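Below are two complexes that have chain A in common, paired first with chain B and then with chain C.
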Partner chain A sequence: MNLKNSTSQTQYEEEINVSTNSGLPPKVAALSPTEWLKANLFSNAFNSVLTVLSTAAILLIIRGLLSFIFNPLRQWSATATNMRLLMTQAYPEHQYARIWVSLGFLLFLTGVSLAFWRAGRRVQLSQVGKRLLAIGAFILLATLLAPFSSKATIIWLIVGAFIVGLGLLLKPAHEDKTISSLTLLSGAFLLAILSLWVVPYGHHSYLSTRTPKILAEPGTVAMTTKLPWTIMFLVAVCSYFLGAFIREKIDETRSKAVLSVTWLISPLFLLFLVLRDPDFDTGHLFSTDIPIFLFFSIVGSVLLLWLTRPDVGEKGRVISAAILFVGFATFLFQMLMIVRILTLVLAFFALAAPTFSGQKPARIRYAKVWIGSMVILCWLITAINTPSTAKVPGDFFIGGFAITLMIFFFTMVLAFPLGVLLALARTSKFPIFRMISTTFIEFIRGVPLITILIFFSVMVPLFLPDGMDLTEIAAVTIAFIIFEAAYLAENVRGGLQSVTRGQHEAAEAVGMTNSQKTFFIVLPQALRVAIPPMVGQIIATFKETGLLAIIGIFDFLYIARSVIPGQTEYMGSTRENLLFVSLVYLVICFAMSKASQRVEKRVGLGER
Partner chain B sequence: MTSKFVKLLAVALTIGVVAAACGSDEEEAPAAAPATTAAAAQVEMVADGSLLDTVQARGTLHCGVSGSAVAFSETQADGSVTGFDADYCRAVAAAVLGDANAVKFTALTASERFTAVQSGDVDVLIRNTTWTQSRDTDVGMDFGPTTYYDGQQLMGRASDGFTANSGAADLEGAVVCTNAGTTTEKNVSEYAALAGVNITLKTFETSDEYWQGFIDGACDISTTDGSALVGRKVKQQPADEEWVIFPATPISKEPLGPTYGQNDSKWADAVNWTVYATIIADEYGVNQSNVAAGSSYEGELQRLLGGDGELQTTMGLSADAFHQVIKQVGNYSDIYNRNLNPVGLYREGSANAGWKDGGLIYAPPAR
Partner chain C sequence: MTENETKSSIRGDRDLANAQDIIVCEGVSKWFGDFQALNNVTATIKEQEVVVVLGPSGSGKSTWIRCINRLEQHQEGRIMVDGVELSNDLRNIEKVRSEVGMVFQMFNLFPHLTVRDNISLAPIWVRKKPRAEAEEQASSLLERVGIPEQADKFPGQLSGGQQQRVAIARALAMEPKIMLFDEPTSALDPEMIKEVLDVMKELALSGMTMMVVTHEMGFAKEVADKIMFMEGGQIVETGTPEHFFTNPTEERTKLFLSQIL
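Right after this comes the complex of A and B.
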C-alpha cells in the first residue's frame, strides 16, 4: 500500500507539473497528509469504497502469504539444503572454484562496463528518504500481520523502525544533495553480504558419506558460501573503480568495442574452457587441429585478400561458388567435421567478399576478421569434441539455474541475428526470400513452443543417422532459437515498417547501395522502434525456459518441482521450492524490464 | 570503422556458434577419431555386434532412470543419483565393466523413456517401468527379470471409516485423487466400475500435488502404487491422523524391472544374470559384507562368483563379474534394505520376499 501510495503521489506531482506549464519545473507545494488522502484515495464515494476494499484485499493477501512462509510446517530446509542442486545440479564440489572464477570474471566485466558507459544516475537524497520510509512502514505493517514469535516480532519491529527513522532523517534533505544510484545499489549488496557473516541464517548441507545424511544446524552461513560471495562483491566494486580510472586514459570508443566483443565471446570460453574443464589430447592437437587451423587461416586470408580487390570481377564470384560447391560436396565423403564446417564458412566469407572490397586497410581488416573467426571456430569445435573431466551423472555437465541461464543466453545471441535476417527477408523485393521467410515464420508461430520442444527432444534423435549424436541440450537450444527468431522477426518487421518511404528515397538519392541503405539507414531506425516489443520477447523467452521442465531437462523449475520432492527426506516440499523459484524469476524479469526502460530513455524513444 | 569491425566479428561469431553446434554432433560418437575410415569401420562393427561389446568398448554404462522417484532413483542435493533402480544400474556396470561407478545416469520422463532406448541414448532402462504386453511387443522393448513386485492400492483415513479390510464397496461417493495420464487412473476407474460404485476422480500433474490435495482434505482417497503409498504414510502422516492402505490384494499388477531394446540376447543375458546373481547370492546369504573370492565356495556359488568362471566368460563377462556385483553393490537384500527400508518398505511378508519365504523373488539356477 505504501509503495503504491508513493508512486501515485509522484504521478500526482507530475500532473501538477504539466498543468502549471511554466518554463522551469515548478515547485509544488506539498500537500498535508489529510489533503493528500482526500485528493487521492477518498475523492468521492465510489473511490472511498474502492480504497477500503482494495486495502482489505491487499492486507489479507499479505497476511496469507506471510503465514504461509513462516508456518513451522514449511520445509524451507528443502530449498536451503538443495541450493547447489538448484543452481548447478551435479557440478562436482571440488571444482566449484571454476564456477566462482567464471562468475567473478563476469562481475569484473560488469563493473568495468558500468564505469565505461557511465551507468547510474544521481538520485535525490530526499527521494531515497521517501522510499526508505515506505519500505520501513511496509516492514512494520507486515510484522504486525505476520504470525511471528514475540522475539522475532521485536527484531523485525526494530529493523522497520530503524529504516523508517533513516527515511525521516533523509527526507527533509535539500534537493541539491544527490547520491549515485550505483552507490545505493552496492550499499544494499554490501548489507546483504555483511548479513551473511552476522545473521544466523542456519547451515544446511548434504553429506554424501557412506550413509548419506542431511545436516541442518543453526549458526551463520557456511564459509564456502559467504567467503566467495564477499570476494565477488569486492571484485565488482574494484573493477568499477578500475574502469573509471582507465576510462580517462585510453581511447574510449575502441575500448567500448573491445568490451562488447568480450561480452559476446566470454561465455563461450568460460563455458568450454573454465567450466567444462576439457581434457585436451596434446598429440591430436598438434597433429590435426593446429595444422588445420593454420592451413585455413593462411589460405583463407590470401584468398580473401585477393577476392576483396575492387578489380576482381566475375572471376571472384565463380571461385566463391566453387568453394561453396566443394563445401557441400565434403558431406558426401568421409572427412573430419571441422574441415567441412571451415570450408562452408570460407565459402560464406568468399561470397560476401565483394561487399567488403575497397582500399588496402579495409581488405586487411576483412582478413583479420576471417582469422579471428577461425580462432573462435577451431577453438569451439576442438573444445566441444574434447571430453570433459567434470564427471557428472546426466547428459550435460551443468543443470539447474546455470542451464536456464545458458540456454537463455545462447537463444538470445543467436535468435537476434536470425530474427533480423528473417525480417529483412520478409520485407525483401525477391519473392523467393519473402516466401521462405513468411512460410518459416508463420509455421513456427502457428505451432506451440512445447510442441517444438518435444519434437526436438523426442523425435529428432530418432531421425539422426547412425553415429550422429545431438545432445538433448543442443537440440532444445536449437528449438528455442528458431522459435524466438520467428517472433523477433515479427517485432523487427514492425520496426522496419515504421521507417518512412522518405528515408529509403533519401538513402537512394545520395547513392547508397541496397546493403548500405539497409544497415546504415533503415535497420538502426527500425531496431530503435522495436526495442519495447523485443524486450518483452526477451523476458518472455527467459520465462519460457521453464517449459524445459516438461521435457525432463534438469532446469531450475524441474529440479524445484519434481526432483527435490522426489527425495525421501523432502517429500511434499513442492510449494516451498516453487515459491523460491518464482521469486528468482520475478527479480530477474523485473531487473530486465527496468534496464530496458533505461535503454529506451537513452535512445530517446517516445520523445522524438 | 570500429563499430563495423564489431558487427563483422559478431556475424562471424554467430555463424561459428551455429557451425559448432553442428560440430557437437560427433561429441560422443567414436567417429570423432582422426582416422575417419577406421572410425567408420568401428561404427559398422558395433552396429552389427551386441550392445554388450559397445558398452565394454565405451567403458561407461548409460542407464536411464527417473531421477525423481522416491527411494527408487532420487537425485540428491549434490547431484548424485541413489535408490533401488540406481543401484541396479550400478550392479550391471559392476558386472559388465567391473566398476560400479562407471555409470552415466540419464534422467528420463515417462514419455521419453522408450525413445531413449530406441535411439541408443541409454543402454538399459531401469526406471520403475511396468512390464506389460504392449510394451513388450508393440513398443519394441524386452523386459528383464522383475526386481520389484508392486501393485496399485488405495489409501484413506481411518477417521472416514476405512480399514485395512475395506474394499471397492466402501468407495461410494468418495473423491479419489491420482496422477494425471497414468495407468493408475484407468485401473481405479475399472475397479470402481466393476463393483458398481460411483467415485469422483481428480487428477493432478505431479504426485506431490495430489498428496497435498489428500493432506489438505480435498481428496478422500489417494491411489497409486503400494510402494509410494507406504512411503508417503511413513513420511507425511500427521500425528493426529491415521492413514490406512487397502485392499490387501492390490488392484493391479505392476512388475518393475530392467528394460532394454529387443533382439539383443547377449546384452539381455548380461543384464538378466546380473539380477539373478543378486537373488542367488541372497538365497545363500552371501552379501556385501561377507562375500569372499569365488574359489572359496562350493557348488553353485563357486560357479556364480568366480572359480573357473566358465559360465561368465562364455557370456562375454569377466570370470569374477558377479563377485564384483556382490562386493561393490550387494545382493538383493542389501539393495532392497538400503533403499526401501527408510520409506517403510520391508521384504518380510511382501511379494518381494524370497521364494523360500513365500514371496515371488526367484532365480533360475546357475549351472
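Right after this comes the complex of A and C.
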C-alpha cells in the first residue's frame, strides 16, 4: 500500500513538471505488471490470502467445467443433431426457406441500421492486442487443465500460442492505430463461417419421417447449415455497405425514422411469412378485411382532420365520447372482432385529437399516424384470423427457440404501451382510473407468473363465449403481456415521480393542457429515467419465457429438457442440452444488457 | 444611461394614469394547512406597469404571484386577470395562463428538448402556430435575449444566466400581456445576474406589464413604477421607488430596509 502511494506520488510530481512545460494534463504512467500485482492483489496479508484462495477456486471450477464438457461420455451430437428441433420444432423442412428469408431480412435491417447510426467505434490496436493476449493465455491455461487427448491438446496449444503471438504482435502498436469494432466483429464472424466449411465439426441431421432417421457422421457440417449461414453473413456485410452508401445521399433523420418504424413493424410481417402457408384462402382478404381497412382509414382520417381543427370546441368532445360509447356497445352485438377493435381505437384517437390539434401540416400528420396504425392493426388482426393450413404434428406450426422469441417480441411490443397507460392511470387525478389501475397492478404483482400462465392456458379458454376461439399460444402471450405490463407500469411510475414539480408548473404556466403536458413534457423525461429498470425487466421477461416449458408448450427449454432425452438414441442427454440452452440465454441477455448501456449513454445527452 | 433618464424614458412612452387595470386582487387569502400564507391581499396593477414585490422570506410574495396564474389556488377573495376571473373553471385558467408568462427561480426549462424546442413547443401546440413560424419566432426571441447561437443546445449545456434568458424567451413566445417573475435571479451566480436583469430592463422599456418578486434593490430602484412591500401575507406598504427607499412610512418597512441596505 505504502509502496503504491509513494511511487504514484513521485510519478505525480514528475508529471507536474512535464505538464507545466507542455500545458497538457499530466499522464498517469501505466503500472508495470509486478507493480500492478503488488498494488491490487498482494497489497496486504489478507488480500494475498484471498487472492490465492480465489485463484484456486476459479481453477477448480474451470477444470470441473472442462472435464464435464469434454468427457467422452457426453452426447453432444444430441444437441447438434436436434438443432433444427431446438430452433423451430416441427417446422416443415421444405418450407425452411421462409425462415431464412425472415432472418435474412432482419440481418439486412441490422446492417443498414449499424451503418445509419454509425454504431462502430474505433478501438486501439494495442487494446485488441491485450485482449488477444488474455484470450490466448486463457486458452493455453484451459488446454493444460482439460482432460484432452494428446492430439487435441496439441491442436489447442497451437491455437492458443497463435492467438498469444498475434496479441504480442499487436500490443506495441502506436496509440493512433485504430480499427473499427465492426471490422473486428465481422472478422470474428467470418472466421466462424469459414470454419463451418473447413473444420470437421461432424455432419448431423435429424430426418423427421415416419421412422425418424438420425444421421451423425464425421465431416464438415451439413450443406443446409453452412450455405444459408454464409449467405446470411454476406447479406449483413453487404447491407452495411449499402447503408453506408445511401446514408450520404438522403435526409438522415427521416430515413432513421423510417428504419425505426420498419424495425417495429417488420417482425409482424415476417411472422406472417413464417406462419402462413402460401396457398391460404385469400378470399376473405378481399371480401372483408381490405374493405373494412379502407372504410376506417378514409372515414377515420376525414373525421380526425376535422377534430384536430383548433376551433372545433365542445362539439368534438361530444362526438368523440359518442364514438367511445359505440365502441363499447359493439361488444353487445354479433359482429367481426376487427370492427370492434378499430372502433375503439378510433375513439381513442378522437379523444386525443384536441391535444394534437393545430395548423394544416400538424393535422395531416395526425391523420397519417391514424392510417399507419390502421395498416398495422388490420394486418395483425388479419394475420391472426387466417388459420395456418400447413399440416404439422401438434397444435402449433412452430416451436422451440422461435416460439420463445415470438412470445417475447409480442410481450414487449404490447406490454410497453399497456404499462405506460397503467402508470398514467395510477398517477391520474381521476379516482376511478387510479382505483382500477392500482387494483390491477397490485393483483398481478401479488400472483406468481406461473399461476397466471396456468390460469390463461387452462381456464380462460373455458370462459370464452361460443364461437370465440383462442389458441393456447395466444392465451399464454396475453398472460405474459398483462404480467409484464404491471411490472413495467411500476417502473414507469417511478420515472413519472422523478419528474419535478417545477416541470409540471412550467408546462402549466405556458398554457398546456393536462394531456399535452403529459405527452410532451412528463412522459419523455419519465421514460428516460425508467430505461435502466425497464431493461432489467425486459431481460427478466426473456428469461421468464422458460416457464412455457412447465405448461407444456414446446418451447426451447421444453424440447431440450424433455423431448430430446426422450429419443432412444439420446437417452440421458438432458445436461448437454440444458447447457446449450443456458449458453444461448446467456449470450442474448448479455448482448441486451450491453446494448442497453449504450442506449442509456445516448439518451443521457440532453440531461442536466 | 443614468437612472433618471431610464425612468423618464419609460414614463415618456406610457400614460399610466389613464391605463386600464389588468390585474385586480380583492381580499385574497390563502392557507397552507393552518398557516395563513396570504391575508386579505388587495391590489391593482395597471397595463404596462412594472411592479416589484419586496419582503422578507416567508412573507407570501411568491405565493401571491403564483396565485395570479393559478399555480396556487386562493381560497378567499377574487383575482381578475385581464377581465377574466380565476375560478375552478378549467377553460378560464388555460386562457389566463396563455396570456400570463411566468419565469421561475429554478428556470424549469425542459431538459429533454433543445433550446429552440423549449421555446417553440407551446406556440405550436397551445397557440396552434405552424412549426416554421414558431421556430422563426424562437430564433428572433433568442436574438432579443442575446443568445442566438445557443438554439440547438440542450439546457444542461448552458450557464445559469443563459438558461434563465431562455426561460424568459420561452415565456415571451406565448406573446403574453403580463410577465410574472418569481425571484428570477436568486439561483444565479453573481456575475450572471446582470445579464438577466438587462433582459428584464429591456422588457420593461418595451412596455410589458411586469410583476417581479426579487431581492435586487438596484433593479427595483431603477425600473419599478411601484413597489409593494409584503410581510406576514399582507401588503404592508405600496409606493413609488423614491417614496419607498427614501421615506418609508411603516415601521416594518424601515426595519426591512435597514437590514438589507
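Here is the rule we use: the second predicted complex is superposed on the first by the 559 of 608 C-alpha atoms of A that agree within 3 Å, B and C clash if a C-alpha of one lies under 4 Å from a C-alpha of the other, contacts with A are read in each partner's own complex, and residues count from 1 in each chain.
One rule holds for everything that comes next: contacts are C-beta pairs under 8 Å (C-beta built on N, C-alpha and C of every residue); 3 or more make two chains touch, one makes a residue touch a chain.
The structure displayed is predicted, hence computed values, not measured ones.
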Which superposed partner A:345 touches (first chain B, second chain C, both, neither): first
Which superposed partner A:575 touches (first chain B, second chain C, both, neither): first
First, second, both or neither for A:511, with chain B first and chain C second: second
Partner chain in contact with A:474 - chain B first, chain C second, else both or neither: first
Touching partner for A:543 - first (chain B), second (chain C), both, neither: neither
Touched partner set for A:524, first chain B, second chain C, both or neither: second
Partner touching more residues of chain A, whether chain B or chain C: B
Which of chain B and chain C A:85 touches, first, second, both or neither: first
Contact residues common to both interfaces of chain A (with chain B and with chain C): 356
Partner chain A, residues of chain C touching it in the complex: 69, 71, 94, 97-98, 100-102, 104, 106, 108-114, 121-122, 124-126, 128-131, 154-156, 170-171, 174
Residues of chain A defined as touching chain B within the complex: 81-82, 84-85, 88-91, 93, 205-206, 208, 212, 214, 253-254, 257, 260-261, 264-265, 268, 284, 287-288, 334-338, 341, 344-345, 348, 356, 365-366, 369-370, 372-373, 376-377, 380-381, 384-385, 392-395, 399, 410, 413-414, 417, 454, 457-458, 461-462, 464, 466-471, 474, 477-478, 519, 550-552, 554, 559, 561-563, 565-568, 571-575
Chain C contact footprint on chain A (complex, rising order): 310, 355-362, 500, 502-503, 505-513, 516, 520-521, 524-525, 528, 605-608
For the chain B and chain A complex, residues of the former touching the latter: 2-3, 5-32, 34, 36-37, 40, 43, 47, 66-71, 74-82, 103-109, 111-112, 115-116, 118-119, 121, 206-209, 211-212, 215, 231-232, 235-236, 342-343
